[in-house]
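What follows is one structure encoded as structure tokens, with my remarks underneath.
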Amino acid sequence: MEDLHWKTGITKVEPNKICLRGYRVDKLMGKISFSQAIYLALKGEFPSPEVGKLIDAIFVSSVDHGAGPPSVLTARTAASTGAALNSAIAAGVLAISHYHGGAIEEGMRLFIQIAKKAEDKGISEAESVNEVMKELKEKGKRVSGFGHRIHTQDPRTEKLFALAEDLKIAGKFVQIARAIENYFKDAGKPLPINVDGAIAALLCELGIPPEIGNAFFIIARVPGLVAHIQEERTRMKPMRKIHPEDFEYDGPPEREV
Amino acid sequence: MEDLHWKTGITKVEPNKICLRGYRVDKLMGKISFSQAIYLALKGEFPSPEVGKLIDAIFVSSVDHGAGPPSVLTARTAASTGAALNSAIAAGVLAISHYHGGAIEEGMRLFIQIAKKAEDKGISEAESVNEVMKELKEKGKRVSGFGHRIHTQDPRTEKLFALAEDLKIAGKFVQIARAIENYFKDAGKPLPINVDGAIAALLCELGIPPEIGNAFFIIARVPGLVAHIQEERTRMKPMRKIHPEDFEYDGPPEREV
Amino acid sequence: MEDLHWKTGITKVEPNKICLRGYRVDKLMGKISFSQAIYLALKGEFPSPEVGKLIDAIFVSSVDHGAGPPSVLTARTAASTGAALNSAIAAGVLAISHYHGGAIEEGMRLFIQIAKKAEDKGISEAESVNEVMKELKEKGKRVSGFGHRIHTQDPRTEKLFALAEDLKIAGKFVQIARAIENYFKDAGKPLPINVDGAIAALLCELGIPPEIGNAFFIIARVPGLVAHIQEERTRMKPMRKIHPEDFEYDGPPEREV
Amino acid sequence: MEDLHWKTGITKVEPNKICLRGYRVDKLMGKISFSQAIYLALKGEFPSPEVGKLIDAIFVSSVDHGAGPPSVLTARTAASTGAALNSAIAAGVLAISHYHGGAIEEGMRLFIQIAKKAEDKGISEAESVNEVMKELKEKGKRVSGFGHRIHTQDPRTEKLFALAEDLKIAGKFVQIARAIENYFKDAGKPLPINVDGAIAALLCELGIPPEIGNAFFIIARVPGLVAHIQEERTRMKPMRKIHPEDFEYDGPPEREV
């Protein structure tokens, strides 16, 4: 029989000892935040406290966006049929795809392409943006990470970029995102950076590979899905017809932190 | 046509303004941790800083447990066939069920049952433990949250309970868990509290409903699944036969935080 | 390392030869129907031609039930976000649970319980129905497999039972189902057998174990889900809001076979 | 509120009447096979009896391929954790992707591209095969649907093509598949058509759109997954470590139909 022995560099488990990327989990507990542990698991290295704060903000920004997104509707619909908690979560995750949550990976690939072109050709990021945007237009391709169905100025974007400035993490990728926004404004078709686009730029600054960019959205959104599943189970009748728009918020009124 | 109007108390979305449980998301960003936001989403109220710290420790404890658990094997196997990131995550989540991760909900139900019996009958928690354990034994039922295939003394349990003591959160449910551990020891069959049992006791202390107890494990583990999916995609050949045990760790050696 | 060798009795694969339950697949092809192969895979034995016909009718009865069922809504919603075909199918399957499709397993367990009680106590099936129905009523339990939101007389039920009579497969379980229907009628609350209840009775006649009863619904419905996914992808805009009721049929008008 | 009214051409549901693509389901039952109903659901038109027979053979060919494929391993692993039947099926379906089952869609796209080039340039299919294969080689692209890890001459392929000949369905796409096989043989690197490639060619002959080609594999394989899930649940211990290769068949010995 074939030798199936294989290697993994994530976690070492021995009797009474577990090390994540080399760090003892029991020593990490109480010392680092969940966000820092996520970064450690995904990047393999510890985030600085600044990076930890930014990651926290990214996750907080995307925990929930109301009852309308497709991932919430599939999770609630599955829950409504009596599905187990993990099944309903999985149904929600399966609806986080190209058009919902998918803009992060695509935005990252675009920003990286623009940065690479600037470097390869010795031109500025703004010039590279102009070239790439024209190419995309000629090919009839959509630009991911800009514009929103509901928000003309997404409050999460401004907050993320302001935080990144404060924490000295904003760099060329944030500039590229801004330059694209300006490109659209100059073209008379303003499409502000949305939260996916902002997260994409920041994950590029942090050196996260684009193929796991969407994971940041999925990780952030799973708790929101759980809140909706629980509300569906405890407050609604099974097998109700779930209207995708005709709902109103009746939770606590606006309050200060 | 039937009126399908419905209500939700989780998040209010208006143009350029998003409120989670009444709090503006852009104001939460930079101020609270992801763990606090998760607690807010699930409980509807803000955690105190102490509770926030404990929740962080719970999530950090369960981010990853190596390549062997079934959820990792299903996620890697799906990834190995070329599945999309969200599909591979969903495949992992579908294997977090009764016997893997499920001990949290079951443990919570047991602890709540014991606490209720103590209250109803005016007996001590230790007496209630004795009664309930005997009933379970007679019915041939397994007790969830105790014993582990690998760890005789799970380092995560001790750390969680120590933290809960320090943060003044440990109460009757931790006592109940300890009393069950003692019951097994006295019966000559030591089955120490495992990490699921410890989390179950702490979530009871926090007043989390048992039916979303497993969600805390799922939320914690999704980032670990992403790390494994990414490693599978970047380091392994597609469609390899994934041995469930014959792997070795080759990541960074043990290091201090 | 532990010996992980294990055994399976379903399919033997050798170079250039595949045997399903002992039969060479290449010899089965062209000779038996898909339904017969499904029965062979699940039961381990060949169906008689009569059983093959009945199984075909069961599957045909449940291929699709329009755009309203939750499994269709989750599959379409996932597809609408750009999910891969297999992901959208999986999202649909995750919404086939307790309240949707789940009545088959529950109906089977009820019919088997009634038949067993009749046998154990030496009473008629009708008497056993009366006893069990009274017990369920006292416990406030719902009876699965009877009544339908849309159909007062489900045309599929009558056809299935008529076929089972013709094929000499109808027996005590069909009688039990009829007796329950009569029980409801006599109680002044007519709840006719629905298609799930009818399938449950017939699968009992065929000796299928109840724990895979719902599989017959899932197997039947996957092709319907695929039709809806394909229609969603080719005819609708991505990310549309999918109304769960406000749709109309615009396919071919009624026609004869 | 936006008008969300929409249209669907698959199934019309009225009280006591269900029409699939215009045909009353209760009249279809007992008259057509499951395979014919699947074709009707997916294509919108009735298959001739010949096409019905070929579709049956396609499905029978792919019901199961032993315990080794990734979809079986994920389904069994999920089942082993105590997952619900529909969850375990979904986990299996999520592992039917690019490298496992995915060859059907890719093969169809290749065959259609070759046929189109032959038509556009007025050259023979064999000439078109030569041109396209050279292009693929230059781009370093893999050809889907040819070669198999276990079978040097897949018995299912020969049977499918022989049936298609008998039923007068084999046409230019079967010729193209054969021409590719010859191309590899002439290049000294024999890669026989595998069952995915054969199904791809036949679905092209039937005018099925390539984007649902893999659905035929998924529909065929779900019953096989159910058989494995049931065996896992009834014969194995929960949470066992499932070796992906070290299993042996202990079912009925080879027998004749």
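To keep things simple, chains are lettered A, B, C and D as they appear, and every chain counts its residues starting from 1.
What we mean here is this: a contact is a pair of C-beta atoms (placed from the backbone, for glycine too) under 8 Å apart; a residue touches a chain by one contact, two chains touch by 3 or more.
This is a predicted model, so every value here is computed, not measured.
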(Q) By that same contact rule, can you tell me which chains touch chain B and chain D alike? (A) A, C
(Q) Count the C-beta contact pairs for B-C and for A-C, then tell me which is higher. (A) A-C
(Q) Report the inter-centroid distance (CA atoms only) between chain B and chain C in whole Å. (A) 35
Q.
Measuring centre to centre with CA averages, how many angstrom lie between chain A and chain B?
A. 23
(Q) Nearest whole angstrom, what separates the Cα centre of chain A from the Cα centre of chain C? (A) 39
Q) Where does chain C touch two or more other chains at once, residue-wise? A) 2, 4, 68, 83-84, 86-87, 90-91, 94, 96-97, 101, 241-246
Q.
Looking at the complex, which residues from chain C come into contact with chain A?
A. 68, 70-71, 73-74, 77-78, 80-84, 87-88, 90-91, 94-102, 238-239, 241-245
Q: Would you mind writing out the residues of chain B in touch with chain C in their complex?
A: 1-2, 4, 83-84, 86-87, 90, 244-246
Q | List of chain D residues in touch with chain C within their complex | A | 2, 4-35, 37-38, 41-42, 44, 46, 53, 55-57, 59-61, 63-68, 84-87, 89-91, 93-94, 96-97, 101, 150-156, 158-160, 163, 209, 211-212, 214-215, 218-220, 222-224, 226-228, 230-231, 233, 236, 240-243, 246-257
